[in-house]
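Could you have a look at this structure, given as structure tokens, before my questions?
Chain IDs A, B and C follow the sequence of writing; residue 1 opens each chain.
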Amino acid sequence: MQTEILLKTRGARSMGRMLLTACVIGWFLLLILFPVFGVVKEAFQGGIGAFVSNLKEASAVRSFLLTFWITLGTVVLNTVFGTILAVTLAKQRFRGKLIMEGLVDLPFAVSPVVAGFMFILLFGPNGWIGSWFEAGGIKIVYAFPGMLLATLFVTFPFVAREIIPVLKEFGLQQEEAAYVLGASRWQTFWKVTLPSIKWGLVYGITLTTARSIGEFGAVLVVSGSIINRTQTATLFIHQEFTDFNYSGAFSAAVVLALISFGILVFMQKVYGGKRRS
Amino acid sequence: MGIRVCGISKRFGDFLAVDDVSFEVKTGELIALLGPSGSGKSTILRIIAGLEVPDKGEIYLRKTQVTSLTTQKRRVGFVFQHYALFKHMTVEKNIAFGLEVRKADGSFIRKKVAELIDLVKLQGYEKHYPDQLSGGQRQRVALARALATEPAVLLLDEPFGALDAKVRGNLAQWLREFHNQLQITSIFVTHDQEEAIEIADKIVVINRGRVEQMGNAREVYENPDSKFVASFIGRVNVLDAVAGDGRVVIKDTPYAVGNPDAAAMKDGDVVLLIRPEDVGILSGPHPYAIPVEVRRIHYRGSHYEVDCLVGSAFLRLIQSKNGFDSLELSEGKKISLVFNSYRVFEAQEGHAEVRAKLKELGYIE
Amino acid sequence: MKSAVNSKSRRKSRSSTPGDLVLRSLSFFYVFLLIVLPLIAISSRAFSGGLEGLWRNIVSPQALYSLKLTFIVALVMVVVNVVTGTATAWVLVRYDFPLKNLMNALIDLPFAIPTVVTGIMLVALYGPNGLIGGLFGRHGIEIMYAKPGIVLALLYVSFPFVVRTVQPVMIELDKDMEEAARTLGARPLVIFRRVVLPSLTPAILTGAALSFSRAIGEFGSIAIVSGNIPYKTQVASVYIYGELESYNPQGALGMSMVLLICSFLILILLNRLQVWNRRHEHAD
């Protein structure tokens, strides 16, 4: 009798819940996960042999290497400068601070092709800065430096945005305690500030890495996508696709997807609970 | 019968929050569910409202079994501890909500809302938002909102919990008068026994999910059924003692007491619970009175509190200012104590917690 | 509260150390080089050719079409995303089901995957030879290289936005209000509409604005799935790329300026939304 009552009161509500949950899970599976499985299947269509040989191709290997170097450069530079920027914005007061804070978010809102275009205009052979380097024989656009700059732009906010809130909330009192105890500014930075932003840094760096690996539009425009010279992994995939070499495109895509997956798993393990709770 | 609760039990995972609870509330009564935090009193209230489903038992509202009805169908008024006002709606809209949901007629709603605003004395605040009101004002809005749908029963979950002490006292009184006016069957949950004693017709004392005792304030205070009730309601001194041969001897002393409680005790360890105001003082030694020495005296404005040791047990008693002066009490003076009224209970494990609780509340040291 | 004010003013009165100035200069330099200068470069170039030329480029039929298409697909996507995103956040926060934590982690997948890879995946599945695409193809419905494909790609890359902005707000939601509504007789749908949704609105709008902003600028995935057919599936970003490839920077400039201005406006909108959001929170 009691269970009947329980079921009656719970029944209608549970039906609604289950239906909604099923819809949401279904949508997620269909939209997000199916395509991943789809492309894995396609990539191994011709067997593992074809998959591997696609990736062993010179242009493929070079493109992955280029992606690696650009990502490395981007991570290092944006982490260092991002931290500097974050510390400046969180702790100092000066004219134009609000504008700077607003500008930090700008790259998120700009379309990648427009970003690439801006850099061509500025650093291209006829650009304000580019022309100086051109005169000295150094190519920025259609070469590695330009691609690095473009990637720096699109990943610019990640590290700073992760650290600034942490610094604003926790930094001050602990640092003042350190000063009172006699620590110099440098010591305080290393021993007090840096550890407190550790997790923010890790998260920001991870986001930067994922974004750098995946950047396409800006780098496409800035690099001219010259095969074997200025093609990153994403540009390589695009090239293969437009050449109707689907097998090659799929294989490389799977590799990048796996790398992204790995990054996601890493983020979840290291940062998961803290972020979403 | 306004509300009848029969054999309600509820478990949360491993934790048994409510254990076979039964009680009745007569139509028009205002009763208090009193107990320490975690005792399950709020859970019982929520079960009555339909916000939780009991594992066992039934609830009857006005003679109808409502256990299988959803909250919406039970038509109870519920006031939450933190008011739960709709933050994005004005006072008016909050109060009107229940009526709008029932698709009542527009002019009827306006009239009712105006009536209720008058009732809770919030004229002029109709268009205010909750974050513009004080705690006490929000509480009155919550009350008006709950009453708008003319529920048969009013449930209040620690209605004064979130307010400062001063506001609490006033609002408690106000609630009582309010209830007298409306005569609506009401239950309110509280951990504050003074509040319960002050405004409730009856008190149901809850501890660890069980009903310890039910009765009016005097019954519960003067004739506590259990050690818990005795120590939770009002202040009490706890003295360890040993029962044997129909007498109870206070530990580490040769002194015995022998009231009917004591005579009925099985041999073994017991506790003697005696309220500060039930201890009489005689000057100097007396036969049949317990000789002690005054250790500390506390001035409390309206009276004095006197501390002494009975054996190894600490005892605090109350002395009026006149008595104090005529006895010429001072620290170190030798006096004798007479126990006018006390209860004896078996000492089981539970005893340590009672002491701990009393220590925590500052009643003993 | 008081001590924070005091320490701030204490800091202000302490003059900036050389270290502070170095940091500030470096920051200025970096921001200037990477963000300010490029913006100035493109703006000055755009307006140096004269406003007329710029305008003519923007209102050319092909450009106008691509703009219209961009906004429409973005809008469609945002509407769908708002509904599905809110529902997803609700289910993730309120209900329990097997592998929930896994799904929660995977919500961010579209953020982690490169956009071209997204495009490739979608083509593999919905293209004329794909599992689902083939099915639709037999009934004469084109998904890839057509407008539905674009919306699909946008849905994919923007999926996490609404979910992730709504989730934290939902977690903080005061269940008391919903219970109060229950005692007052409101049924679940009414409660959702009148009690829960108003509290979620700022977050939903923020998610919507972020999705929209992403959508009008999205390039990688669309470059793959749309086929870049002018007057049919060419969105603004692809149009710009096309103009650049054909050495017609003037054309690209006009459209770029339009997109940039949109970006600015959305940034300002997002800022306002944040302020509104914070004010709502303080209603306790």
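Following the convention adopted for this analysis, a residue touches a chain if its C-beta (ideal position, glycine included) is under 8 Å from a C-beta of that chain, and two chains touch if they have at least 3 such contacts.
All figures in this text were calculated on a predicted structure; none of them were measured in a lab.
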Longest centre-to-centre distance from chain A, chain (CA-based): B
Chain ID, smallest distance between chain and overall C-alpha centroids: C
Busiest interface, counted in C-beta pairs: A-C
Chain A-chain B separation of Cα centroids, rounded to whole Å: 58
Where chain B and chain C are represented by their mean Cα positions, the distance between them in whole Å: 55
Inter-centroid spacing, chain C versus chain A (mean Cα positions, whole Å): 15
Numbers and ranges of chain B residues touching at least 2 other chains: 70
Complex contacts: residues of chain B adjacent to chain C: 49-51, 70-73, 75-78, 80, 82-88, 97-98, 101-102, 129-131, 142, 145-146, 148-149
Touching residues on chain A, where the partner in the complex is chain C: 13, 16-17, 20-21, 23-25, 27-28, 31-36, 38-39, 41-42, 81, 84-85, 87-89, 91-94, 100, 102-115, 117-122, 127-129, 149, 152-153, 156, 172-173, 176, 185, 210, 213-217, 220-221, 233-234, 237-238, 241, 249-250, 253, 256-257, 260-261, 263-265, 267-268, 272, 276-277
Interfacial residue positions of chain C with respect to chain A in the complex: 7, 11-12, 16-17, 19-20, 23-24, 26-28, 30-31, 34-39, 41-42, 45, 84, 87-88, 90-91, 95, 97, 103-125, 130-132, 152, 155-156, 159, 167, 171, 188, 213, 216-220, 223-224, 236-237, 240-241, 244, 249, 252-253, 256, 259-260, 263-264, 266-267, 271
Chain B contact footprint on chain C (complex, rising order): 174, 176-177, 179-187, 190, 194-195, 198-199, 280, 282-284
